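A single structure is presented below for examination.
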């Protein structure tokens, strides 16, 4: 028995992991229950930053991620968009990742077009699309948006878009929301947008678990709120739903909370694996000493 | 000439950028150069793509083992490239229906979009998802309490893992929290920090921040030093031999 | 015949110092640069303090101002800065960004100390540096690959050549491939960027030449795979289990793929040496690789591996940078602590000056 | 047959049996995709639009539309997207099979991936970089008549963009039989400029900013004017941690004596940093696997339906009376 675990083929671990994720997804998907969520301070800050803005404020949503991190960041993007809609904010979508454009399209199609068809393109939201150049783009648009964005993602000249009238740079935005999977992302937004204009640009962000530790140094001065990984998404989602969800919440707005189920079981597996690894290590060492 | 000219170019270009950083009017040069770089990188696709084609064609023509896979790569590459560059199936921009080329290359419904949506997206996210398996096996194998360093590494990971789930919060729920206390004392803070969700934040806030700051400062110094060495011509391995 | 490296070095230090000196004087001797030769850079008002026509800043809500007392300080110094004399204002707008004066000083001190130590080492005096465990493993790993008759896999990260980590990786590659050339081992370098492929070919060819084996160089072993991060990874993990390289080097900028690579490498029993300055990926390399060069160590690796005294000298210069950090940090912390403990306004002014003027 | 191959055959057999079972046990089929037809460029001349774009729809939408108007043509099942869903599902399984062992199916997935993704990036590079940033700057008139009719009339050729063009040509010169050395010039230019740029930006942004953020008071005064011991302790740990880690990175001092001990504490801080980052990352990775499995169970196999894509089917009463769509 011990020998089996000592030389455990890692494929058994893979199988355990697969089951730990697949079974909860199946069960939760079938019975449509989610675990209760207790929002912590960083998610509450994000919620308040958006919620405390007067209705109809201008919000820049920068979706800097790709399908690779959709699992973590998609629910955040959904919740951010929904929250802005409910607050009647004007949404300006941009992307610094080439594939971020598709992420914007997803949000627009899944949420705005599907559930809020009364919102009009160019008046309530605009998709400025992707621009290459990474942090260079941020540096330019903080002072001059039109230098890079002469058209929106559909090729319409920005001058012809009603909600772009009078927008010269992103200092005029009331809030910048960044959903970030890496470089360029929240760090660059902090460095090149918030740092030079600390009292003009306010930023909140949602990021992947990997990035979160790197962004803690910027909290709270440059970054008042941060959603870290699916847990942060789930906390924020629960806040948005508690206030704006109503009675019958569509399943697509509960994605993060649903996904906390497999998360929990898989975490317990990880914890079990770490303990098991150490038990094996200590037993092995004791036997080694005896010999 | 073949040898010194590139070194001169690198040095001068670099020092100009440094000087430009301080002059108000030239501070945007960095962005201009970034745009140029993107153009250059896009042009360089010809080199990379050409090499890719050459390698695959060679595999096929030599009938080397696995040449069938090379054929798959080749076909996938050529079809995707043709669909995208020629904007096959793409409708013109709604505002300019007369301009056949005015549509975007990745419009929904085009073959290019289809291949992106049903080939790249699932492949990309599944490869990424394999990490879930690898973190598990790495945790099992590498997180063993061999010495103080390893104990700290695995202990922190353990606490964070536990603290980010409902289970961890439940586990330490009996510890009094300082949130509801007005003007908590030092001891109350200390005790409250033992709650797993607070311990997570504490570790991230203090220890993680400290470690990351030092790493970032080190990286900044390292980057600056490597850059300077290249500009001074001390480190020139990137240039090759200088022979033709 | 004189040594071209020395010649280059001597040639390059002099103008560098002149440039730095020119910078120190403040730029008036460089009007050529400010006369923008480019028609592209339109005369936009770039200074951050420009009165943008937009709405007033958002931080007007009282509770926000209370929550962020630092902001008030920033405004105060900005006001102070705008109180410059007219001539200074002109200089600030046209010749030298005065807000970056302190930055210039820091750059001068840091670069000066690196240049000094390089010159110091070049004059033949010994430079002592400590050992870094991961670096000794480089030769060992290549040697083992030779013994086992298997290849060496070198992965230069997934960023393009405009990333310093990739450039630093090229330096390490030069050393790895020179050792491989000497041992007659095969080094395979798949890249995810065309420009990195180009540069890596130059580097490896030069390394084979300097090892005296130009004939052994095979450019087909350095090839482009795909720009797509996970496409590249899919290829690499397949390659690893099929070819079973005896040694894997991961040097450069890595993202999520770090653990996929390190775990796959581990499963095939390869010696793995990683070096990266991506803080987020360091934990995975530390957990799964045999040796990991952490952040600054990775940049130092090229200096160590080249073994040239000049490069080692630059490490001393870097240490000077750390001394500056330590000094500023301790000074700042003491001042801040004293200021808040005593409530002294004079001290607080010092602190504000340090954090808001010097360190911005 | 080799024992290993036998395992694969068994695995495939199991998979096939399960798929067939899925087909018969839970009626209503699975893995179908639906679309909604949206007419485009509608104007007075073309009331039905000049062409049609198909947007993603759900089965629920389709059934609802059919129920209200059986002759509707807006919603329809989409053969191409159904095929896509099946291909995506199989590619997902092919890639996952790699964790068992390398196999021909994984190799197929890998080969496809390399081919399409390399082409994808090239196409993106062409249409998103070369066209707007090179052609658009050098020949805006050409673009206006060709691919970007919305380009402003005030856009004039910017000759500075000849520089990247020339550099690009020099770069490609290596393909020519003679004078390949010229391609080192653009490389030197690129590396030189970015060294200069990064030198400044790292010293400015990371170096100075991190120092500034670490200058904190070790005697924190709370709102009431008293000594906040807890916050002070946290600040102390932070400052000590940064200093110890910096000592660890010193190259010119051997790790012995006091320096050695301090560096050791520095390593401890680093290890905690790494452990924390590891713990955080795990969460994201699991979510990634979850989304793939959700795709297989929801979009392909129709085993679960958390977002009510097919709920109406159930309500309409002709699907899954037994179980399957809770």
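The chains carry the letters A, B, C and D, assigned in the order they are written, with residues numbered from 1 in each.
As a working rule, contacts are C-beta pairs under 8 Å (C-beta built on N, C-alpha and C of every residue); 3 or more make two chains touch, one makes a residue touch a chain.
Model, not experiment: these values are computed from the prediction.
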Innermost chain, where centres are averages of C-alpha coordinates: B
Highest C-beta pair count, chain pair: B-D
Intercentroid distance (Cα basis), chain C paired with chain B, Å: 16
Distance from the mean Cα position of chain D to that of chain B, given in whole angstrom: 10
Distance from the mean Cα position of chain C to that of chain A, given in whole angstrom: 29
Multi-chain contact residues (two or more partners), chain C: 38, 40, 44, 46, 100, 103, 107, 110, 161-162, 164, 167, 195, 198-199, 202, 224-231, 234, 256, 279-280, 282-284, 286-287, 294-296, 300, 315, 318, 321-322, 325
Multi-partner residues of chain B (each touching 2 or more other chains): 7, 11, 15-16, 18, 21, 28, 30, 32, 34-35, 37-38, 40-41, 44-49, 52, 93-96, 102, 104, 108, 116, 120-121, 123-125, 127-135, 137, 139, 141, 143, 153-154, 157-158, 161, 164, 204-205, 208-209, 212-213, 215-219, 221, 223-224, 226-228, 230-231, 238-240, 242
Residues of chain A touching at least two other chains: 10, 14, 17-18, 21, 68-71, 132, 155-156, 210, 212-214, 217, 221, 229, 231, 263, 266-267, 270
Chain C contact footprint on chain A (complex, rising order): 10, 68, 143-144, 147, 168-169, 171-172, 174, 182-183, 196-200, 202, 210-211, 213-214, 220-221
Residues of chain D that touch chain A when the two form their complex: 55-56, 99-100, 124, 128-129, 133, 148-152, 155, 205, 209-210, 213, 273, 276-277, 280-294, 297-298, 303-308, 326
Complex interface listing, chain B residues touching chain A: 28, 30-31, 34-35, 38, 93-96, 102, 104, 106, 108, 116, 121, 124-125, 128-129, 132-133, 135-137, 139-141, 143-146, 154, 157-158, 161-162, 164-167, 169, 197, 201, 204-205, 208-209, 212-213, 216
Sites on chain C touched by chain D in the complex: 38-40, 100, 103, 106-107, 110, 127-130, 161-164, 167, 195, 198-199, 202, 224-228, 230-231, 234-235, 237-238, 241-242, 279-280, 282-284, 286-287, 294-297, 300, 315-316, 318-319, 321-322, 325-326, 328-330, 332-333, 336-337, 339-341, 351, 354-355, 359-360
Residue numbers on chain C that touch chain B, as the complex places them: 4-5, 8-9, 11-13, 15-16, 19, 22-23, 27, 30, 33-34, 36, 38, 40-41, 43-44, 46-47, 92-97, 100, 103-104, 107, 110-111, 114-115, 118, 160-162, 164, 167-168, 170-171, 173-174, 193-195, 197-199, 201-203, 205-207, 209-210, 220, 223-231, 233-234, 256, 259-260, 262-263, 266, 277, 279, 282-284, 286-288, 294-296, 298-300, 302-303, 306, 308, 310-311, 314-315, 317-318, 321-322, 325
